[in-house]
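What follows are several structures.
Two complexes follow with subunit A in common, the first pairing it with subunit B and the second with subunit C.
And now, the complex of A and B:
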C-alpha cells in the first residue's frame, strides 16, 4: 500500500512537471539578451600558462578540463569576470542563473572540499546539500573520474576570486522545489560512455566518445529534450532546440546532419569556428570560443571520428513549397543576402557560409534560420580566427512574409530540401525574441 | 504694408530664431551616437555586438509634415516643381515627394544644424569656407520663405511666390541663384537657393526610406539599380542588360510578389 502511494505520488509530480513544461512552452517569452555578448578576452584565462611547481601537472589537467567542459559559456556573463557566473539561461522551466565558481570563499567555491566538488559533479548536489538544476551538466560531468574532478577543483581554486553573487533563479512550480530534481535524476540521466562502445572501437573513437558524452556534454543541446527536459531516448544527437536556436543534427544525415562533412571539416570547425560549409554562431559560437578552439588537435580529431560514426537520423518528409513564395523569396535573396552569401549562395569559404547543402538551413525545425535572419548572429571568435564576423539583424528591414519567403527559398534551393515556412512561424519567433519593435541603435530611425 | 513696422520685423526674426532654438533644445537634448557632441565611448574585451539590435538607416515613418506650415508647404512645392519639373524625361520633384523629404530633413538633426558650427562671428565668408550663416537650415528655410514672399508682395502686386507664373518663378529663382536680388531679414538669397537646390536633388535621388524618390522613379529614370550588391557574375558578361530592377533599403515591389 505504501509502495502504491509512492508510485501515485511520483506520477502526480511527473504530470505537474509535464504540465508546467507545456504551459511554459506555450506562453513563455524568452527574450534576447539586452546587453552586448560576452567578452572574448575572458577566455584568455584558460590559455594562461601554469608555472612549474609541485602540483603543476594537476593544475594543467584541471585547466584543460575547464576547456573541455566549456565552463565559461555559462559561468561568464556579459561584462562579468571569468567563472563568476550570473548568466541567465532560458530553460523551458524558467530562468536559471549560473553560479559563481571562482575561488572566492564566500560567493564562489573557494572553500569547497574535493568531496563536495565530486558530489556536485557526480550527483548534482552542492556543498549545502541542495540539488543543482540539470542546466548544470552533471548528468554528463558525472562521467569524469574522481581524479579529473580533483584536478578541476584545484585549478578553479587558483582562479582570481570574484566577490559577486549571481541573482536567484526564476523557476515555476514544481521545478522551483529543488527536491523535484531528485526525481528527475531517476528518470533522466543520459547514457554513459562505454555503455554502447562497439567491439574493436579504436582508442581514438573511445577518447572521442568520452569527451562527447562526458565533459563536452554535446547532447545537452544536440539531442532533443523530452517533456522532462532530458535527452529523448532513441534520438541521440538528432538535433535540439535551445534558447530559440536550433542545435543541428550531428548524425550522418546528409541533409540535416554531418553526412557531407569530412573529419577535417569537423576539426576545422571546432578549431576556428569556420570551415567551407558553415560558421559557428549563437550558443555554438560560445562553445568554440570557450572550449573547442582551445582543445588539442588530437581531441578535436577524436571528437570528429566519434561524431562521424553516428548513424544517420531518419530523413523527415518535407512538404512542397508554393512557387509564388519561392519567387518572392528569390527576389529578397538576390537583393538582401548576396552582399555576403553571393548570387547562388556560394558564400565565401571560412567567412560567409554557403547556403546550398547547408545543414542549419535544412533543419526540420526552421527556428535556427529564422533566428539568424531576425536577430542576426555572431561567429564565435577564437585564437586563430579572432575576428567575430557578424550577420546583422534583418528584423527592421524584412516583414514576416518576406522572411518566410526568403527562408522557404533558401530551404529549397541549391540542393536544399525542407518544409516551407509561414509568416505565422516568423511572427511567433519575432514575438518570442521581442523584436516586434525593431531594436535600433542610437543613430537609426526617425529623428 | 509698404512700410512694415521695424518692431514687427524684429519680432518675426527673433521668434523664428527662438522657435528654432526651442526645437533644437527639445529634440537635441539627446545627443546620439555618431552625432556632433556625442561622448566618446570605450569598449573592452571584444568587438561590441548585441543580438537583435540593428544599425538601420535613419528612415522616416508616416506621411504627415512635421516642419512646414501649410503655407510654407505650398511655397516649397511651387519652388521645387520649377527646379525639377514633371515632364517627358521623368517625374517632377513634387511627384517624387521631395517636399516631404525636405520637411523631414528640416525637422531632424539636419534642420537643427547639428552638423554645423552656428555660433558667431558671422562675417560674409568666401565660398570655400562653406556654410557661413547664423541660421540653422530649418531657420533659414523659415526666414527665407517669409522673406521671398515679402519680396514678391512688394514686386509682383502683392502675390505670394506660389501664385506667380512658371516664368516669373523661374526668373526669381535664377536671380536668387546669381545673387542678383537682395532679401530682407538677414536672408542671403544665394545661400538659400544653393541649399534648396541641393536638398531637392537629395530628395529626388536618395533612397525612398528617407521619404523622397517615390517608387524609385528617379532611379528608374536614370537606370540606377539601387542597393543591389553582388555583380560578380556580370563582370565578364559584356553587352547584356543586367536584369536587376532598382531596389531600396526597404525592398522593391518584387519582394511582395508585385511588379
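And now, the complex of A and C:
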C-alpha cells in the first residue's frame, strides 16, 4: 500500500510538471500590439553579416544554429533586446521567465565554458549545476553535436551584452524545486534522429529529420503530450495544443494535416509565413519570424521532404452539426468574416487564408479556430514578406453562441468536416484568454 | 530646458506618405533616420479593423483619425480686410494626424499632373497671351521641374502602391481604354483597373456618346492582390465604400501602413517616435544651417534632436508654419508681393452634379474611394481656352465612393433638409442616384497666402497659422464651365432629373470640399520666386527639405498625392546621389 502511495505521489508530481510544461502561455495573450512591433527589428541580428576573421566559419555556423533553434521566440521579450530573455511563460503553477543568453558576463552567458554550455544543451543543467525546466527544449537540443554547441556558444558570445536580469521564476511547490525535473528526464526524452531512419532514405530526408527532431524541436508543439508531458508514442506529429493554440497535425492526413500540401507549399509557408492555403500565426508566426524565414532554401526543402513522409494520422470521427446552428453561423460569417475571407471563403492568396479544406479549422480540438476568432491573430512577418497581416479580435463583438455557430459553420462548409462547437466551449476559452468582459477598448469603439 | 539627444543623420518631421517614402529611401542607403510624429501609432488591426472600420459616425463625423482642433487649429479669413478667426470645427478640409496621417484616410485617387501643368505660366502665356496668367491678379508660376523629370518617380509610386489602372499613353503611343490626354508613361499600371459598377458604367457610356474619352480612374484601391517592391502585401478591394475619412480594414488601400511601414519599421537604422511634436527647426548663428529640431513629447518634456538633414514632411499647413516659426526664408507680403514663405496658397475648386433615376438601381453602397469612370477632356490645357476667360480645368468623374448613410444620401432640388418630405425623397432616391464630381484646378492668386496669426496661439504658445483665401474669378469661371460640361454628360444618361451643385460665392470653411491644400512653401527656379528648389531643398537653409503639396506653385485639376509622392522620391534621389557627396545647395541661385 505504501509502495502504491509512493508511486501515485511520484505520478502526481510528474503530472504537475507536465501540466505546467504544456500550459505555458504568453503573458498578454489577448492583446494585439498597440505600438510598432519592435521585436521584428531585433530579429535582424540573426541576418547581420559576420565579417571574415579567424573563426568566422564557426561564428557563421553558430548564427545559423541560432536561427534553426528558434532561440528568439523565447529569449526575446516585447521591447527587449535580442537574447536578453525575460519573456514570461504563464503556467498554472506560476511564471517561468526565459533567461538572458546574451554575452553579458554577469546576466547572460558570457562567462560560460563550452563544457557548461554543452551540459545545458545536452542534459538541461545550467552552469550552476541546476536543472533547467524543460520549457527549454534540451530534450531536442541534446541531438546537436558538440561542435554545433561550441559554435552556438561562440556566436552567442559575440552578441551585444545586455545587462538585464530577467525576473525570478514565480513558481509554487513542488515546481520550485528544480531537482524535480530530474525525475522527468528519466522517462520523457523524445526520440532521437537516426533511430528510425528507413533504409535508403535520401540525404535530404536525413537532413530534414535532423532539423525537425533536433534544433527545430517541432514535436515540442506538434506531437500530442502523454500524461507525463512527453511525446505520445505512436502519435508523432499528429498535432498538439500549446498556449491555447492548436499546433496542427503535420502528418499526411488530408483533412487535419499536410496531406493536401505540396513540398513547395510547405517551403513557401516556412519561408514567408504564408501561402495559398494557410498563414502562420500565434506561436508558429514567431517560429517563422525568428527561425524558418531565415533558414536556407535547402533546409526548408529538407524539412518539407521529411514532413511529407510522415504517414497520415487516423481520421477522427466527427459528430453531425445542428442545421439551425449552421444557418445562424452562415449569417454571422457573412457579416463578420467576408470582408477578408470573401463570401465563398476562398480568401485571397497569401493574404487571407481560404477556409475550405483548412487544416486548422478541421482539427478535432476547436481551440485553434476559437482562439483566432476570440483574440485575433497576427501572421509572422518575414524578411521577404514583412506585412504583419492581422485578423482582429472579435471577442468584443460576437457572443459565445455566435462564435460557436460561426465556428461550427466554418468547420462544416466548403469541404470541411469536424465536430460542432458549443457556446460552453467558447466560454471556457474566453475565460482562459481573459476575454470574459466584452469591453469597448481602444480597438473597438470611441473612447 | 530641452534635453539634447544623440545626433542622427536625418530627422523626419511628420510621418505620413512623404515621411515614410523619404525615410525608406534614406534608411535603405544606410543613414541613421529618426522620424518624429506628433500623433499616435496607428495600424490596421488596432485602429480600423474590419469589425469596426465602417463606422461613419465615429470616423467621419466624430473625426476619430483627424487632428483635434481644440489642441491646434488655424485661423481663417477670405481677404486681408477681414479679421481671421480660429477654425473650431473641421469642415472644408480634414486635417490628418498620427502615423500614416492623410495616407490612412484618403480615397486612393492616384493621378499624375499633365506635362503642361508643370509649365502653367510659360505654357499659357505662349498659347493665350501674357494676360492669361496675370488676369484676376493671378500669380501662377512654372514649377522648375518637368513632367519628364518626374515620370520615373511617378512610376516608383505606382510600383509601391500597386496602382490599378489602364495606361492611355505608353511611351508616346496612345492606348485604347486609358486616358489619351495623360503624359507619356514609361510603364503600364502594376494592376488592371477596378471593374466598374453600374453608375460609372452608365457615365462612361453617356460620355462616349458625347465624343468624350472615358477611362477608369487610377486607384490605390486595388483590383487584385499585390506584392510591392518592398515585399509588402495588399489585397483586392471588396468595395465596402469606406475609404475617404476611414482607414482600410482589409489591407486593400495603399497607405504607408500597407506599403512601406512593414518593411521600414524592421530596419535597425530607422526609429519612429510617436506623440512627439516638433516646435521649431533650430538654426546655426548665421541662419544658413539647421542644427536639428526641438520637439515636445506627450508628457510635455522638450528635447533638442540634432540632425545633419531635416526633412519637413508634415502636412503643408504645418510645414509652412514651421518654416515661419523657424525663420527659414522671407515671409510673403501680399501688399508688396515681396517674400516667398506663405505665397501662392491654393486649394481645389470642387463642384458636382447629382443624377436621379427612376428605372435604374445604382446601389451606391457598392463603392470604393476611387471607383469612377472619368473624362479628362476638359482638364488643364487639354482643350482650347480661347475666349473662355480662364485657365485651368477639371476632370469629371462618374464616381461612387460609397453610399454612407449620413453623408451620402442625395435628394433632388427643392427637397427640404429634414422632415417627412426629406424622408420620402431619401427613401425614393438613395438606391437610384449618384454623383458626378468636378475636380477643378485652383490657380494661385496674389491675395491668397499663409502667415502667422497675430492673435491666436496653440497649446504650446506658438502663433497659429493664418489662412487668407478665396476663389478668384478665374476659378469661378472655370468651375461654371466645367459644371456645365458635367451636366451635359449627366443629361445624356437620361435620368429623371439632375441637380447642379455649383461653386458659388466666397470660399467657406464648411461644408467639406476636399483636403487638397497646396502652396505656401512653393518650388521654383529661383529664390526670388520660391521657397525651395526643384529638389524641395530650402534656398536659404540647404540642409532643410520641405516635402508635400506645399511645393505646388498652384494646384492642378487632379488629386495631389501622386505628384506629392513623385516629388518626394525625386528629392530623396537628389539627397542620396548629390547632396550626401557634397552637402550644400543642389541648385546654385
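Simple rule for what comes next: the second predicted complex is superposed on the first by the 393 of 447 C-alpha atoms of A that agree within 3 Å, B and C clash if a C-alpha of one lies under 4 Å from a C-alpha of the other, contacts with A are read in each partner's own complex, and residues count from 1 in each chain.
Going forward, a residue touches a chain if its C-beta (ideal position, glycine included) is under 8 Å from a C-beta of that chain, and two chains touch if they have at least 3 such contacts.
Computed from a predicted structure; not experimentally measured.
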Of the partners subunit B and subunit C, which touch A:351 in the superposed model: first, second, both, neither? second
If you stack the two complexes on chain A, which partner ends up touching A:324: first (subunit B), second (subunit C), both, or neither? first
Larger residue footprint on subunit A, choosing between subunit B and subunit C, goes to B
Which superposed partner A:392 touches (first subunit B, second subunit C, both, neither): both
Going by the contact rule set out at the top, does A:376 touch subunit B (first), subunit C (second), both, or neither? both
Thinking of the overlay built on chain A, is A:41 touched by subunit B (first), by subunit C (second), by both, or by neither? both
Give one of first, second, both or neither to describe whether A:342 is in contact with subunit B, with subunit C, with both, or with none. both
After overlaying the two complexes on chain A, where does the subunit B footprint on subunit A coincide with the subunit C footprint? 32-37, 40-41, 336, 338-339, 342, 376, 378, 381, 387-388, 390, 392-394, 396-397, 442-446
Given the complex, residues on subunit A that touch subunit C span 32-38, 40-41, 43-44, 336, 338-340, 342, 348-352, 376, 378, 381, 383-394, 396-397, 442-446
Residues of subunit B touching subunit A in their complex? 27, 32-35, 44-62, 104, 107-109, 227-230, 232-233, 244, 247, 249-252, 254-257
Complex contacts: residues of subunit C adjacent to subunit A: 41, 43-47, 49-52, 55, 58, 62, 64, 225, 227, 230-233, 235-236, 238, 240, 249-251, 258, 261-263, 265-268, 272, 274
Residues of subunit A that touch subunit B when the two form their complex: 32-37, 39-42, 79, 324, 327-328, 331-332, 334-336, 338-339, 342-343, 374-378, 381, 387-388, 390, 392-398, 401-402, 405, 433-435, 438-447
